[in-house]
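For clarity, chains are labelled A, B and C in written order, and residue numbers in each chain start from 1.
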Amino acid sequence: MQHRRKSSLNMNAAAFASLGPGQLRPGREVDAVDGVAPQAVITPRSPDHLSAALEEARREGLGIIPVGGATSGLPGNIPEAFHIRLLMTGLATKLERRPADMTVSVDAGVSLARINRALAAAGQRLCLDPPHPERATAGGLVASNACGGLRHAYGSCRDLVLGMAVVDGQLRRYQCGAEVVKNVAGYDLPRLFTGSWGSLAIITEVTFRTHPLPEQAATLLFEFDDEAQLDGARARLLSSKLPLAAADFSADMFAGQQSWTMALRVEGSEHEVAYQAGMAEELLGREIGESADQWWSPVHAEPDAAMVLKVSLPPACCARFAAALASELAMSVGELSIGGHLGVGLVRVSLPAGSAGQISPAIEACRRCLDLVCQDPDARAAWADFVVEKVPPEFKQGRDVWGRRPAGLSLMQGLKQRFDPARILSPGRFVGGI
Amino acid sequence: MLLDTAIKKRLRDIVGPEGMVEGAAALKVYECDGYTLEKAKPELVLLPGSTDEVRRVLCELHGAGIPFVPRGAGTGVSGGCLPAGIPVMVGSSRMRRIRSIDLDNARAEVEAGVVNLEISRAVAEHGYYYAPDPSSQSACTIGGNVAENSGGPHTLKYGVTLNHVLGLEMVLPDGELLRIENNGEQVGYDLLGIVTGSEGTLGVITAAIVKLLKKPEAVATLLAVFPGVLEASRAVSDIIAAGLLPAAMEMMDAMVIEAVEAAYGFGFPDDAGAVLIVELDGLEAGLDAACVRVVQACEGQGASEVRRAADEEERALLWKSRKRAFGAMGRLTPAYCTQDGVVPRSRLPEIVEIIAEVSQRHSLRIATLMHAGDGNVHPLILYDDKDQSQVEHVIMAGNEILGACLDLGGSVSGEHGIGVEKIALMSQAFDQEALQAMADLRAVFNPSGLCNPHKVLPSDRSCMEVKRPGPRGGG
Amino acid sequence: MEFGDGLELGLPCVHCGLCLDTCPTYKISGSEAASPRGRIYIMEAIGAGELAFDDEAAGHLETCLGCRACESACPSGVDYSRRIDEFRPRLAASKRRSELWRKFSRRLHGNTRIFDVGLKAARVVDSLGLRRLRRRIPFFSLLPGRTASSNGVELSPLQRSNVHQPPYPRARVALLRGCIADRAMPGLNRDAVEVLQRNGIEIVELHDQVCCGALDLHEGRRSEALALARANVDIFSGALQRGEVDFVVSTAAGCGAQLREYGKLLGGDSDYREAAALLSERHRDICELLVELGFEKPRAPGATAGGKAGALAYHDACHLLHGCKVEAAPRAICEAATGTAPLDLGENSICCGSAGTYNLQQRTMAGRLGARKAELARISGAGVIAVANVGCMLQLSRALDLAGLRIEVRHPIELLAQAYRGSPGAKAGPEAKR
């Protein structure tokens, strides 16, 4: 779909006149996404500012990419147009916790760490634990449907978002969902916008459900000789009555050697944590220790990784996939990180900084191994696929980083057409060039 | 509209004679679901036996421009499958296969007509279950559950249908088959999330892939007896404030207690003003400690008695009493209308007082059931369906209560859906812009508007042929 | 009209739908017109003049098995069977019943010659190896043939019993013999007498007892049904009132459930109301009575159970489970007889398709229900199925034969009697409960 777009943005446009000092500055090289630098960085301080910027964008056919803490690394295809980097961290006033209702409403730019500090004071928390909580913003988390290990027990953003306020590509401003934990009134627009990567609407405010803060938590580490052992442990664990908060694994490869580790997070009262540790040992054998960092998770890639792939597959295929990939790449790649959420079936594969030369073979190997592991008719996993979360822009040419064409792509294109007809929001970045 | 014989023949060729319901008496049965205030008879009910039959039926209807409405077991209570102005109904009752159970990945694929409880039964021997447990779970279908995003008592801890569906097979209104399956990581927009709770207006669900959970190691079910609903709702707040997350917290007021006592004879005290059922589950270790805290919270709010179900049998009877409370109301009244409002948990005492006031003002008896932990209240407005003037008051009273829920920061539906019943409240609940956005969303899936028209959104509520209000069941 | 004089039809149906999935005909057909809620709706609409009582409407009502599973499920306590029984005369009068059927059904209980002739013919046909063929012929198909249970002794059971009346009886009971049971399975009543006597229960023979009237009521011949009910009340309640017997016992659940309805059935008859209620109250199913009074556990259980290898499965007869609410007692009898708890066949609350004369009239539906049971039986791996009602025994035997399964069908009392015979003359008194 081709749209008439202006090549440059008029920073003196009337629409921007309301922006105060520090809210509008020229774009720089560091603001680039996939090698494309924006002309301006706008930091709205209110939904009105935001609407003004969107209005101008629509009139002039500009491309906007909304950004929170950018902790996701802004995955996506090469932007079709990128004029404004919309920095949402300026919208960070509201933080309304309602412990008795077990909900919290925040402006999109409020960081996860700030939310959880406020909730902790009332004995609660938002059960999301992606990396870099100090920088990750509520809006960014929701737009990217972020999660960490706690997803095992509490789900991802999708499961925790109750309502939100948005400005969509048609410049409509509205509240959707609700501020209560249960609501089925009307179509579930919050679900539409969660994980839409800023391609339909800009989230300005979010309401989450909260959970009680456990008295104690521990991350227990277990080591295994090979994938069969790890997978056996997974099967025993997940069919047991152990109510884990998180069950992550890593299968890092270094210099041809693979190490298999499992990290289990258990939570509860002191007694309950000890009891669960006992149960886990009984199921898995002796633990090698506890992580000093309660939030340690092997799933998230180093910030400077050269390549990150996010693989979705059935839990029972995780270990076999990791082993197959490592053995396929053993000769060509020196160092490879593989980590995943075992209960969910989500694995991240990453190559360290400086291994750009190995990106293409790694991606191809990942595709082959996934097919190999999941083609087994018993696996019933025709849906398994991966997203290329991070690669240098030159690797994105001619490729959809989101993976295979998803079922219902024409519906998705229809939604884009309805909610952002002028294609001003992250144009071209999402799946199928949406 | 009248269906011509040619199209009827083509449809019969697809579903076979067993899949065609067209006699006057049989069609009469389909004129309402659990919501009986409005009625409309379909011209034809089709009961396809497979996804492919559904696909061919929808292609045929799409080609002929004939509106249709999907139906599960007809246990809905907001009129979501009312065929007003809709000639054809497409039921899932002949699609009842459990296609596969994959315990290693804790998921099962079932056809839309499989009854909720059947899934749990099928995996029970391995210690698994399907968590969402609407009160009608012994009869309602999984297709209907997904369409309504059904809840149930245990949503407090375990979430609603949305949180337990990993895939869907559906036929879009134009007859195109769509299969979505993942592990919660949808690539692209969350179509699964959008379709869940769309009340059968975006297409016909033919199968769902659901998450299976392992049964908890230990369960404790407590019953606390309070002098009144206010005290019980304050106890709910105190339990939350104590940092506990029970699996369920259910409240029944005196009138509901009377009905279920008549039905099941659980042995609730005669003088109970309200009872609170609190279920805790999880580890054996720590369960007793949590129970003690619940008991303290209840006694702190004046509970006259708190007892723990002695065994599985007593627990089952307690839940049976609770889950069948809706139906048991027949022991007190010829008819009732169920409301489904939500308020922030902390506002429960306020909505309780408002309900009492509305009840008095309209001279209607209102019994109240609550998923108290979720702030989800079900006022059951009792009335005589032969008394026309009372019916008007029932509708007004219901709207007033739901309006109050909105004013308190809540919602007009926690789990029953908008259907036809609450359409008028939608513009109170949402801005015009939000309603427009919802209409946009629907237009993407259902551009022809043939799939379950006149539901959910207020603009649609025209050109309908309904009897309203009418006597229920003609009796 | 005598029936239901001055009484309302009981509690209202609130249209909740919880009965739907308990209804065998709904489960099979998927049509809500074949569900309890649907049938009530149709009856109410006919009553209100909104719907014509035509062949179609009558057809939906006629497919009702009368199994009363819906009553067990109904939270509102709707007296479904009473509502549909109200309609039976109108159904009987409708043109759908052929004159031939009416004559035939009228003679089913009155004229035992139908059975005697049929039974003899069935044995001859079976001895020619044509049993599977016979199983396809209406009525004829249901009769037990050569391999029918027990041993075809056709003399009146009470006189030929080789166990004598207990000298110091713990209770005295009258046995409702049941017209069909008495002819089709005479061994059953003989076994019943033997078991009761062995447990110190004296049998008082009441000679003039008549058919319970269930078939007539089912066929809509209410006045005949009421006449039979009155005759039985005269005989049994008379004996109860005079203190000659303590209980009235039946082996056939269908007859037993009918006796329990007498109180309601004659509730409008001031002359009979109390006596009928007394009979309803003092009726016991034989299994129920034995468990209530305590019974002797065979010393050598299992060895003779069913006489064949393969586990025992118990299936609930609808009239026992839903009509009499007796669930645990027959299982306890089975367990005592075989030494192990019986398997569940699955779908225990779903009718096998027997349902009085249903399997003679609604042959297609009855056949499908029977086939469904046969499939469950196959899956269960059972070698013997115990069921405590003659009609169900006949229906299941046919269904299993048609499915080519060599599974025996027995009454729990037959199993117990057989186990007693295998146990060397236990003289130790039964473990009386009171």
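In this text, a contact is a pair of C-beta atoms (placed from the backbone, for glycine too) under 8 Å apart; a residue touches a chain by one contact, two chains touch by 3 or more.
Every value quoted in this text rests on a predicted model; they were computed, and no experiment measured them.
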| item | value |
| --- | --- |
| Chain A to chain C, fewest steps along touching chains | 2 |
| Chain closest to the middle [Cα centroid of all protein chains] | B |
| Distance from the mean Cα position of chain C to that of chain A, given in whole angstrom | 63 |
| Distance from chain C to chain B - Cα centre to Cα centre, in angstrom | 38 |
| Geometric centre distance via CA averages, chain B-chain A, whole Å | 32 |
| In the complex with chain B, residue positions of chain C that touch it | 11-22, 26, 29-33, 35, 37-38, 40-42, 44-45, 47-48, 50-52, 54, 56-57, 60, 73-78 |
| Residues on chain B engaged by chain C in the complex (per definition of touch) | 18-19, 21, 23-26, 28-30, 32-34, 36, 45, 47, 73-75, 91, 93-94, 96, 113, 115, 136, 138-140, 260, 262-263, 324-331, 333-336, 471-475 |
| Contact footprint of chain B on chain A as seen in their complex | 98-103, 123-124, 145, 151, 155-156, 158-159, 168, 172-176, 178-189, 191-192, 194-196, 200, 211-213, 235, 238-241, 243, 268-269, 271-272, 275-276, 310, 312-316, 344-346, 380, 382-383, 385, 387, 402-403, 406-409, 411-412, 414-415, 417-419, 430-432, 434 |
| List of chain B residues in touch with chain A within their complex | 100, 102-106, 126-127, 148-149, 151, 155-156, 159-160, 162-163, 167, 172, 178-191, 193-194, 196-198, 214-217, 237, 240-241, 243-245, 282-286, 289, 342-346, 371, 374-376, 409-418, 422, 425-426, 429-431, 433-438, 440-445, 456-457 |
